[in-house]
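Pasting the structures here.
Consider the two complexes below, in which chain A is the common component and chain B and chain C are the respective partners.
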Partner chain A sequence: MRFPYKTDYGQDLDLFKSSSDRFWYGLLALVLLSMPLWVDTFWLGEVSYVFILGIVGIGLMILTGYAGQVSIGHAAFLGIGAYTHAILLSMGTPFVVSLVGATALSTLIGAGVGFPALRVAGIYLAMATFAFNFLVEFVFVRWESMTGGFSGFAVASPEFLGVSFTSGGGFYYICLLSIVLAILLTLNLLRSPTGRALIALRDSETAAQALGVRLARYKTTAFAISAGLTGFAGALFAHRIGYLAPDIFTIMFSIQLLLMVVVGGMGSIHGAIFGAIFVGALPQLIAIMRDYLPDSVARQPGIEPGIFGLLLVLTILFEPRGIYGRWLKIKHYFSVFPMHKKAAFSRQKSYTKSER
Partner chain B sequence: MTELSQLIVYGLATGCIYSLIALGFVLIYKATEMVNFAQGDLLMLGAFVAVTFILTLGLSYWLAFILAVIVMAAFSYGLDAVVLRRVIGQPQFSVVMLTIGLGFIFRAGATMIWGTEPYNFPAPFSSGVSVVGGVVISHVAISIVVGTVVLCSILWAFFRFSKLGVAMQAASQNQLAAYYMGVPVKRIFSLIWAISGGVAAVAGILIAPLTLVDNTMSMLGLKAFAAAVLGGFGSIPGALVGGILIGMIEQVSGAYFIDGSKDIAAYATLLLVLLLRPQGLFGAVGRKKV
Partner chain C sequence: MAIFQARDVAIKFGRISAVDGVTFDIEPGTVFTIIGPNGAGKTTLFNLISRLYDTSAGTLTFEGRDITNLPAHSIAGLGIARTFQNLELFDHATVLQNLLLGRHAHTRSNLVAELLFLGSVRREELAHREKVEEVIDFLNLHKYRDSMIVNLPYGVRKVVELARALCSEPKLLLLDEPSSGLNTEETGEMAFWIHDIRDRYGITVLMVEHDMGLVNRVSDKVLALNYGRVITIGTAAQVQSHPEVITAYLGG
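Take a look at the complex of A and B:
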């Protein structure tokens, strides 16, 4: 086990904790940058999708993992971003401007939804967000002049400075750049006073309030940032799917997004990324698994949501810290190799926490 | 006027179902502070179990009714004892996610066992109608209202007069004190889950002749949240009144507002209540203690 011995303030500000971190992230950057050279278009598309999910994951992680507010309605923000972007593009707005427009609109709406959240806590918020999801879905269906209703809406291909990049490399780099920016933004946000206020608010609202954290302000901020990032990802998502229909942005999708952060690992950026990889890869895994299962089980229509549910339940029961938590445990096991203690990560015994 | 009374009668019937589901939430919430997002799925399972008893085993309606309620009560008891008890003490978020996950599993399981085709639910009074002052009232609607009233009276008497019911009240008011007085709190909680599962089964069987039995029934559970919140989460009379109000709001908005608003009226009401009066009609949201 290594303990970084900090000798100056610069080290505290450093994004990488040690030189080995620097090496591994450098290697990862190299692999990701060179990917279009040695990976075919299909997998490039899949990786871009994971990046998009990753941005949503980071957005949701800020809200749920750091500020402790549950949202079962993030597909709505994704949809708002996607529709705004597509509509702006169809009106001839340049790519970057419409991207900013989509982000801005979902940020505003996010702040609006965050507002009732100030008065209610915990479960009420979960209910408010899923009600919001249904309302937004309704608007997508009914506002036919704008959204095309049930029949859907074709998205114009992305074009930047007169260069069009529909498939493969170009779009991949846009997504890569976006997720890197999102991560940097979030890392910096989390060590700013705002980020620390969010974490304080998650751990104990009352204590945070006593220390002068203004709940109203920070909850709304968390909602707005989270919705903004999700809306931004939604704009990219619109290009990824190419054709928008209201039945994509349902509560099922919201729950899938939430599954992403829970399975990935609550309260860490790594968790959001791991979760995105996991959820992005899951349909493929299920498709592969189907080949090995007997037909009577594999051809069942309801199997996919069932697997989602099962994974959710198993994660919460057996590894509440998600994939990232498990990864930390494995890492710890090897770094202290013969001296690993079973109790190193065990939780304190806990009793029912009362909200009354 | 006749149209409005017709809508109100129909709204009263669906509202009673919302009331029963909301009652299930509230019972569990009052006792364990868990919010059960799978209540609608329990309702769906109850209806499926009953339909199996009737169609496959050829039992009579009343026998199937009682057996399905017992099966669902036992199932919910097991659910609490095996799964939900493990997350006590974890943040509320975990419980929400856990019950959502369980709901998904139940729905997938129901699809695997019973398929995607909806079942017609045969009840002895399925086709009967009465006309009162120009308003057509189906006997199914009457059965729902009567069933709700009977069930609520039984539950009221149970909580008021039986030793077990009083122990349940004690456990939900103060776990520790109840424990010191010799109340087996864990078993009581599982029993409350059992009651809640039984209530869900009753609701499922009552509404089944009206809707057909398939896995979209679980969506009723989400709408019932609106009922529970409107009445003030944690208040039993509130849940009952809230459910009936939501049922009526839904019917009336479906007829008099824009097309399709029936589907979202409950959710819109939910948001409005949270915005304007988060404590609901009957509830009291206290300050959170540290």
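Take a look at the complex of A and C:
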């Protein structure tokens, strides 16, 4: 097992903790940057989609995994970003400006949705975000002059010097750049006082207040940032699907997004990314699986949500720290091989709280 | 002049007067202890001072300033820190993160600077870290720095909570039963630290405690509370020999 040798406190603030970190992330960067050279358009699109989901995962992770506020309405923010971006583009707004506009609107609405969170928590907050999702879907349907109602509308595909950058390799690089920026900004936030304050309100609002954390301010901040990132991802998502319709941004999709962070591993950015890879790859896996299942099962319409639900339950039962938690255990197993102890990860008994 | 004053402070939960017309003064640089049987209203009084509960009557004054109606989150910034009877740590964070949160009332950085992690943010973080390390030295928490709270034994958690309160550099420190759940050895250590907190750092301590040995060792003044009312205030010996205090403890 390696212990990083620390010589000053600044090292705890650095993003890369060791030279082996730097090596592995450097290698990953090379693989990702060169991907358009050795991967076909279909798979490039799939990987781009994973990047988009990853940005949503990071946004939702900040809110749910760090600040402890559950949202089952994030598909609504994705939709707000997508529609705003597509509408702005159709009015001739330049791509980057429209992207910023979609992000800004989504951030503002997110801050607004944060308001009920100041009064209600837990299941009631979840229900409030659920209701919000319905409301937004309703607006997409009814505001026909803007959204095209039920029938929706096609997303414009802007070109730069005659080359479309909203498909293929160009789009891939835009998504890659976006997720890298999203990760960097988030990691910066998390190693700052604001990131700690979010953890504080997740673990004990009482103690947080007593230490001077303004609950209202940080809950609103968490919602705003989370919605902003999700709206931004929504703008990219609009290009990925090419055609917007209200029945895309449903509660079902919101639940799938929440599932992504739970299965990936709560309370870590790695978890959000692992979750995105998983959710992005799952439809392909299910498609492959269908070939091996008896027809009567494979043709069931509810099979996809069913599998999602099952996985969620299994994760909560057997690996509450998600895929990332499992990954850490595997890494630990090899780093101490052959000295692995079965009890290395079992927790000490937690002390129950009866009162304050 | 007293650093802290309570005047006729009261709170009712429905028809129960949990705290009822409580008045006392705390002199700076002293250890002021509140004793009383279970349910006497000691923790409730702490919650009133931390502004987690609203008083139904009376005033609370800290350094000459009326704090009766301030929001709970502004109390730390004035220089009042506390621990909780049943621990309110951030369980899924490390000891270091918990202690840095103790510095929250002193943070200045803004969101944009944080998102970009500008030099100013890094410098501020390093300054907070220095302060936190001083407290880690004082309470001997070195080996737990990077441990998650959920993985620590109760005795250590208790010390971490004290450390977190100290990190906010309080002038008045509220300790709710600092020795509960600790063994004799750990209680002895706690007594030593409370002395040091008063004498080395000049912090005024307001403490709730059941362990009379600890009360006698560290208290400058003792207040006995029963059914939300003050029975008597005096030295530890005076209070313990007061007839009403004796009957209160014998369950009279």
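Everything that follows uses one rule, which is that the second predicted complex is superposed on the first by the 337 of 356 C-alpha atoms of A that agree within 3 Å, B and C clash if a C-alpha of one lies under 4 Å from a C-alpha of the other, contacts with A are read in each partner's own complex, and residues count from 1 in each chain.
Here is the rule we go by: a residue touches a chain if its C-beta (ideal position, glycine included) is under 8 Å from a C-beta of that chain, and two chains touch if they have at least 3 such contacts.
Here the structure is a predicted model, which means the values were calculated and not measured.
Student: Thinking of the overlay built on chain A, is A:92 touched by chain B (first), by chain C (second), by both, or by neither?
Tutor: neither
Student: Once the shared chain is lined up, is A:221 touching chain B (first), chain C (second), both, or neither of them?
Tutor: A:221: touches chain C, not chain B.
Student: Who does A:131 touch here: chain B (first), chain C (second), both, or neither?
Tutor: first
Student: After the superposition on A, what does A:204 contact: first (chain B), second (chain C), both or neither?
Tutor: both
Student: What is the contact status of A:189 with respect to chain B (first) and chain C (second): first, second, both, or neither?
Tutor: It touches chain C, and chain B stays clear.
Student: After lining up the shared chain so the two structures overlap, which partner does A:312 touch, if you call chain B first and chain C second: first, second, both or neither?
Tutor: First partner only.
Student: Could you tell me which stretches of chain A are touched by chain B in one complex and by chain C in the other?
Tutor: 204, 206-207, 350-351, 353-356
Student: If we count contacts the way the header does, which residues on chain A are in touch with chain C in the complex?
Tutor: Interface residues on the chain A side: 9-10, 12-13, 185, 188-189, 191-197, 199-200, 202-204, 206-215, 221, 267, 347-348, 350-351, 353-356.
Student: Show which residues of chain A lie in contact with chain B when the two form their complex.
Tutor: Residues of chain A touching chain B: 64, 68, 70, 72, 115-116, 119-124, 126-128, 130-132, 134-135, 138, 141-142, 204-207, 251, 255, 258, 262, 297, 300-303, 305-313, 316-317, 320, 349-356.
Student: Write out the stretch or stretches of chain C touching chain A in their complex.
Tutor: Contact set of chain C toward chain A: 43, 47, 50, 52, 72-77, 81-82, 84-93, 96-97, 100-105, 107, 109, 111, 114-117, 121-122, 125-126, 129-130, 133, 150-154, 157, 164, 168.
Student: Quick one: which bits of chain B touch chain A in the complex? Just the residue numbers, please.
Tutor: Residues of chain B touching chain A: 32-33, 35, 83, 86-94, 96-98, 100-105, 107-112, 116, 175, 215, 222, 225-226, 229, 233, 258-260, 263-264, 267-268, 270-271, 274-275, 278, 285-286, 288-290.
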